[in-house]
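Should a chain be cited, it is by its letter among A, B, C and D, assigned in written order, with residues numbered from 1 in that chain.
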């Protein structure tokens, strides 16, 4: 396992996540932040459903995008922030379960661009089903630290 | 302009939208439904922001995906529903403004698959800025009508 | 219409295209280079076919990617080259016709990244059919001029 | 390891590949066909280069698309063929080496749609470098067998 890029990396990423109102709105948390890897969890609750009672595909996309973006931030230098350039998401199965877990990981770090991937799993009675796969490009903004 | 595929198309699409809790959660409305075309609007409010005070990219993706999906539903036959297979979104500018407008339109209708596109604009002091572009594949589920 | 970014832009882009052996291999030409816009043409010949006698989807992707990339180069500064970061291509119809035309255009210019789009048309008896749609991210490499 | 879906699967896939002129044009071969998995190899030769002497990104895309498509065909039923609906490719590093290997694999099989992934590696002095990552949607055409 690689080590963290600089002290307080995890704290800085968690503090950034905390400032994202939209993550609070959907009741998302980020219990895992490791070098090159993050996890975002969302409980299934009625406010984030689509018309069939599954979690809305847009919410699946939100946590995939965010998990991949923070995974990229774990490999960025200290005085930098990250920006989502684009992502592509395949929805593989209905998001049916008690909660969703988005696992973001870095595929290719780089000075200016980082390519990340995220898998989103629906957890039902303890069993994980892959319900979405995302491939993403993140830009490193050097010298632009989040306040 | 082409005409509607069957009577009550608009009503059926609006009723489906109404059942999407996640759209209510972010305060989205769908004031435009036309053959091959929809519009979803979201006011800028603090609950949907990211850490810099702009609307969260995930929310931008949610309304782009939904606008493109319902555009596809306008060209689907009566006894069918639609399913988002995949989408790819480029974030072009910060979603900075009083409200967002996602315009979905059908690029290529088909019996099983429909390809849609959506543009998301941020409206600031009456001026629209393109802030995201999405390309999407939608599947027609024949014989699966939404209740 | 915007004007060219610097003198000899068209010549430099055509010279770059000429050095792409893979474009010669498939018999592609680039008859149109304008600010924000290019066109690549490929005659239908048996060497570029897939198993059903249509032009191979991979060749469709090649000319879409290249057309979008050179469109981006028309908006890049003089002392820079361009690099394809990623693209997403929907294949909409079989590439059936006497020739293919890929039209690349810039959607969003930028200092570091440019977002382009390309449409590929199959021309059959003078009629154009849209057979592919591509959305792409291009990186500007400042200070890296092609020799 | 899963077993093959029906007898002569490998033979049928290889025969289909053989009929793709565009694969011959770039000198591609498909030495590996297994359930859910294929490999396409291309030697580096000057005809497939771009202007910097690396293998053209479009050729990288061609073999990624084809490897993912045939991986999907390994999980399709006997009386069916496959069609590439769309793919998204990130170019991660220059395709620099003696040969390229595209490894396609099925992520999610399905009756109508299959989601595949492909990684493309450049092999230089025996060392593989990941140079592209692709995510793809394939459609199963039931009752449409290739002749």
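Rule of thumb we're sticking to: a residue touches a chain if its C-beta (ideal position, glycine included) is under 8 Å from a C-beta of that chain, and two chains touch if they have at least 3 such contacts.
Nothing here was measured: the structure is a model prediction, and the numbers come from that model.
Between the contact lists of chain B and chain C, the overlap consists of A, D. Although chain B and chain D carry the same sequence, what matters here is overlap: shared residue numbers make up over half of all numbers found at their interface. Set against one another, C-D and A-D show the most C-beta pairs in contact at C-D. Averaging Cα coordinates per chain places chain C and chain D 22 Å apart. Chain geometry summary: the mean Cα position of chain B and that of chain D are 33 Å apart.
Chain centres here are Cα means. That of chain A falls 29 Å from that of chain D. Under the contact definition stated at the top, the residues of chain D that touch 2 or more other chains are 85-86, 88, 90, 115, 137.
Partner chain C is touched in their complex by these residues of chain B: 88, 90, 92-93, 107-108, 115, 117, 130, 133, 135, 137. Across the complex, chain A meets chain B through its residues 16, 19-26, 46-52, 55-59, 61-63, 65-66, 83-91, 146. Per the touch definition, chain D reaches chain B in the complex via residues 85-86, 88, 112-113, 115, 137, 139.
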